[in-house]
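As structure tokens, here come the structures.
In the two assemblies presented below, subunit A is common to both, partnered first by subunit B and then by subunit C.
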Partner chain A sequence: MRKRLLLFIALGWVLLLIGDRVDELRVYQGASIAVYVIAIGSIILLTGYSGQISLGHGALMAFGGYVAALCVANASLPLWFAFVMAALVTGIFGGVLGFAAARLSGPYLAGTTLALAVGLPSLANQFSILGGEQGIYLDPGLPPASLGESFSQYKWFFWITTLAALITMFWLANILHSKYGRTWRALRSNDVAAQLCGVHTGRQKVLAFSLSSGLAGLAGALLVLTISTVSPSAFPLSLSFALVTGAVVSGIYDLKGVMLGAVILVVIPEIADSVASRFGDSLKITSTLPGLLVSALLILAVLFTPNGPGEKLHHLRHKRKAHSG
Partner chain B sequence: MIRNTPKKRALFASAVIAAGAMALSTMPAQAASQPGITSTEIKLGITSPLSGKVAAVYGKIPGAMKAYFSHVNDNGGVYGRKINLISKDDAYVPTLAVKATNDLIMKDKVFAIVGALGTANHLAALRSANLSGRGVPDLFVNTGFSGFADKAKYKTTFAVLPSYVMEAKIMAKYIDDNYKGKKVALIVQDDDFGLDAVAGFATAGLKPEVTIKFPTGADTLAAAQGWITGKLKPANVDIAIIFATTTTSAAVLGAAAGLQYRPTVGWMLGSVGGDSNTLRAGGVPLAILNGAIGTSFAPDPSDASDEYVTFFKSIYAKYVPGSTFDLTVLQGMNSAMLTVQALRAAGKNPTRAGLIKAIETKGAKFASAGFTPLRYSANSHVGYSGYWIGKYSATGSLQPIDGKRVLYTTDSGSGAVVSATISRAPLPTNGLPTNS
Partner chain C sequence: MYKFISSLLIGLSLGAIYSLMSISLVLVWRSTRVVNFAQAGQAIVSTYIAYEVVNRTGSFWLAFVVAILAGALLGAIVDRYFMRPLFRRVASGPIVAIAPVVATLGLLGVLRAVVGFIWGVELKPIAAPVSLDGYSLGSEVLPFAPYNALVIVIVAIVLIVLSLLFQKTNLGLSLRASAYSPEIARLSGVRVNEIRTLGWAIAGAAGAIAGILATPTSYLSPNSLDILLVFGFAAAVIGGLESMVGAVVGGLVLGLGVTFVSNYVSTSLIFPTAFVFLIIILLVRPSGIVSGKRSRRA
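The block that comes next holds the complex of A and B.
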């Protein structure tokens, strides 16, 4: 654990250095990557470890985003507290959902969570406190003056989101290596066998769903920070699918590839943009190409690296060793 | 062995990241010159809804601006530089407006944002992208939200349309002068746009009998039928004010036509939702609009006697053949003309700060189609300061009442509404500004 802590601190230091050396656009993209790291991490916890499928994590992110924005806009609470509240309240909300989810499995669970992704964000249109289609403004405030005049707001977002992502990943890596992680894996592999070993399957499923929701809520709150506003449109159905794709591409049974999935989700629209501009900047191509690329990537990942690139590499290395041996 | 693998991989990953960081740090730094300005080009950016529900109406603005810029470019550009307007779609959605604005500034590296559209959308973009803090000029915003003219908050933003508060105050004054004591209903969007209007009516002392506030996007035909049968009819209102987008006006007037309903005195339309061409395209029979009261700061787009209208119309027909010329197009081209004058006023080697200064010092004198004066100064980023009130004809054009164009000017605060006379500079020769 101490080694892991040192590793995370070193990684944070490297990221800090990178943040200082790249231009504003890259810093902003870095912040988005950090948000996706947390969101994909929450899916890996839920699906990769506890074996529950969620197609509705975008909605849970929306929930967290609204909690954070309401905390700041209506209750004038400090930003860090709003993030904690977002994780906490979404976690509780996820726990309640988890009670229903624990009774479902496979396609039924997928269907239920999908309904959540479709329905929840549009609820905002029904209540004027949520600001309708236009949403609510979240004032991110200015970076502390002590960081200097030239310290841009995006770098500030990058610091906040990266710190949150590092802490989350550290916590996640620890919990997944603890008895909880082992219990969830047992549950995923064979819940009857797990039950025979004395695992309270229902309770563990609810716990995993709740923790995963909390992380998704935090990711949603951070996403809202980076765009300073929360509205249903920030959490489209495609976000939920993109997160699942990101998790599959990262290797859903392993936390280590999480960065890869997050980078891909940020890079794909960029690739789509540059491809589209070759074809004469057609708006139709720009708006539909990212979806096509994400879907194609999901199919390719399932075909060639169903357990993620990490495992694939591991597998290859073993093969090579076997050959040389 | 297995225990060590994650560590090794992590080390490898860190090494890759560090190497990547070094590679990235060798990327060329941003040039010291002004972003978006080269010896041959001035790059400007606009965000507006090119897709989604309101795209049919407001999606015309970038095209209208480009048409005027093409005219200027074909006649030598601005001091030899051609204007390149990069247009991004925000689908009238704040989060997309934020992304589009960020892309314009960080990826396309535009010199300035011009004509960004939509109160909530641009407000989100303005705050998130921190245009003020970065010193990016944000010119001639296509919304009448009075907050945009708040110079202390948004140092680089210039309003152009008279504010919704001004419009509401002027409407209230007109009602008070001509229909004192009548029952008024007010239909507004429940966002900053609508709240601005509500504040304006309250300042002017007009108390609506019925106020309908609806969340953005909830202005369907069915909802409008509900408002008429459930609220307007039972309250027996005399004047119903629709202070919303054309989508809302089309829904309400369409529903009214279906229900054969009309307030006893009639309808009154805010300028945003009062373009009859758009209403007609939205399926509203113009008969229901006949006699309705409307407001505008510019001439009616069908007014053939107005030199600005005929000029803009001919340019638009030349560069965007086959399109309908309407009020939205007129406003877009008018803002483009103001932009060219602002760029000229900023001099041969324009800087972002210089552009802002130029509008503050010379902007009040820019030639434009608006009838009321522009209020730009070192202390004010307010654009047009008033409206004229007219009535819609049977063909849907807004015409002066009894042949007289009644003009009012006021401010967005508690200042009085005063009658004014037309003050505008003549159209520059061939529509090409020569100011400096």
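The block that comes next holds the complex of A and C.
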């Protein structure tokens, strides 16, 4: 555990140095990558315990984003407290939702979370406190003066999100190696056997879904920080789908691949933009290409690296050794 | 009283469309243990084809037939050339449990994008074959229109055809047998794989009908049927996910519930109502209101 802590601190140091040496756009993208790392991590935590997957983590992110924005805009609470609240409240909401759907085996969780993601905009328009289509403005505040005059807003976002991502990953790595992680893995591979060993399957599944929701809420709050408004259009259905893609590409049972998935999610819109500009930027192409790339990648990942790139590499190395030996 | 009657009728016609979507999900779930999230994508493709036919020929009925055929063909193709290779390839490791969900989700995205490429993302209308203006009862004009009546009649015919197919023909027996117990069906000489593909085709056709019937009262866009997919899923869960009768009952219950809430409380509550229905059913009777089995609790 201490070794892991040192590793994360070193990683943070390296990221800090990188953040100092690249231009503003890359720093901003770095912040987005950190947000996606947390969001994908939350899906891996969820799927790490059972044969279920959430198709609505985008909606849970939105939930967290609204909680944070309401905390800052209406109660003028400090930023860090708003993030903690976002994680907590979304976790509780996830627990309630999970109690209905996550304790059941089968496609119930996938369908219910999909329903949540599809219906979110109408829910946000329902209550006037949520600001309808325009959403709520979240004042991110200025970076502390002690960091110097030239310290930009984007770099401040990068620092906050990266710190949050590092803490989240450290916590995730620990919990997945704790007795909870072992219990969830047992549930995933054989829930009847786990039950015979005294595991309360329903309760564990709801717990995992609730923790995963909390992380999604935190990721949502951080996303809102970087775009400074929370509105239904910031959390479309395609965000939920993109997160699933990111998780599958990362290897859905492997925390180590998380960076890969997050980077891909940030890079895809860029690729789509550059391809679309070659085809003359028609609305048809610019609006459908990102979705096509994400979905195609999802299908390819399931077909060719179903259990993640880590396992595939391992497999290939193994094969080569067998050949040479 | 007018309000009550019109809510009842509108609810029935809405519920009829949900029932069809729900049936197409249930058919695939029973035979393949996959909730086919791509069904909305398949239906959107067939509905856009119908839109094209209406535009070229002006005939809604020709478009209707073409949509059914396209939906059935697409369903068969998805099973034969997408799901089957997927199951062959992804046969081990922890991903197996979620691979179908993930793959159908990816397919949904691809189909939506393809439709967007071909027809663009603007909203497109399909003209209804009969009037969309409500019947008038005395001085009151009901929101219930001839088109809504037509929807109920068409869905009733489809349901009768399906139940005759499943209950009275050998093919229906094979379909039920291979869904219920593929091994035993195979031993008795049923060609389970082919029958399963046929089941996907029937499901695709049902989804296509739901798609084209839902469109004249609103608009067509690459994601306009997502809501229908969600309502179809909710209806299937209300009905227990295993039974076709349950799917129909679930669809009607949901359609009526949603319409009454939107007419008596607030129109913007349509979605929250459906969601609450779904959650309550999951909490109280996860096995659905029709089936008596209690097997899906973890």
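Going forward, the second predicted complex is superposed on the first by the 319 of 325 C-alpha atoms of A that agree within 3 Å, B and C clash if a C-alpha of one lies under 4 Å from a C-alpha of the other, contacts with A are read in each partner's own complex, and residues count from 1 in each chain.
Just so it is clear, a residue touches a chain if its C-beta (ideal position, glycine included) is under 8 Å from a C-beta of that chain, and two chains touch if they have at least 3 such contacts.
Only a predicted model underlies this, so the values are computations on that prediction, with no experimental measurement involved.
K.L.:
Looking at the superposed three-chain arrangement on subunit A, would you call subunit B and subunit C a clash or a fit?
P.N.:
fit
K.L.:
Scan A:A234 for contacts with subunit B and subunit C and give back first, second, both or neither.
P.N.:
first
K.L.:
Which chain, subunit B or subunit C, ends up touching more residues of subunit A in the combined arrangement?
P.N.:
C
K.L.:
Once the structures are superposed on A, label A:N125 by its partner contacts, choosing first (subunit B), second (subunit C), both or neither.
P.N.:
In the superposition, A:N125 contacts both subunit B and subunit C.
K.L.:
Which partner chains sit in contact with A:K312 here, subunit B, subunit C, both or neither? Use first/second/both/neither.
P.N.:
Touch partners of A:K312: none, neither subunit B nor subunit C.
K.L.:
For A:K256, is the partner it touches subunit B (first), subunit C (second), both, or none of the two (neither)?
P.N.:
So A:K256 only meets subunit B here.
K.L.:
After the superposition on chain A, what angle is formed at the C-alpha centre of subunit A by the C-alpha centres of subunit B and subunit C, rounded to the nearest 10 degrees?
P.N.:
80
K.L.:
Just checking: does A:G111 make contact with subunit B only, subunit C only, both, or neither of them? Give me first, second, both or neither.
P.N.:
Touch partner of A:G111: subunit C, not subunit B.
K.L.:
Once both structures are overlaid on their shared chain, how near does any Cα of subunit B get to a Cα of subunit C? Whole angstrom is fine.
P.N.:
Superposed model gives a least subunit B-subunit C C-alpha distance of 8 Å.
K.L.:
Which parts of subunit A are in contact with subunit B and also with subunit C?
P.N.:
After superposing on chain A, subunit A residues 125-126, 283, 287 contact both subunit B and subunit C.
K.L.:
Which of the residues in subunit A come into contact with subunit B in the complex?
P.N.:
Interface residues on the subunit A side: 3, 7, 10-11, 14-15, 17-18, 21-26, 28, 125-126, 128, 131-135, 137, 139, 142, 153, 226-229, 231, 233-234, 256, 259, 283, 287, 310, 314.
K.L.:
Within their complex, state which residues of subunit A touch subunit C.
P.N.:
Contact set of subunit A toward subunit C: 47, 50-53, 55, 97, 99-101, 103-108, 110-112, 114-116, 118-119, 122-123, 125-126, 188-189, 191, 201-202, 205, 237-238, 241, 244-245, 248, 252-253, 283-285, 287-289, 291-292, 294-296, 298-299, 302-303, 306-307, 311.
K.L.:
Touching residues of subunit C toward subunit A in the complex: what are they?
P.N.:
Subunit C reaches subunit A through residues 29, 35, 37, 85-86, 89-90, 93-99, 101-103, 105-110, 112-114, 116-117, 120-121, 222-223, 226-227, 229-230, 233-234, 237, 241, 268-272, 274-275, 278-279, 282-283, 286, 296-298.
K.L.:
Per the contact definition, I'd like the list of subunit B residues that touch subunit A in the complex.
P.N.:
The contact residues of subunit B facing subunit A are 5-7, 9-10, 13-14, 17-18, 20-22, 24-25, 27, 30, 50-51, 89, 91, 93-96, 98-99, 102, 106-107, 120-121, 123-124, 127-128, 130, 133, 190-191, 213, 215-218.
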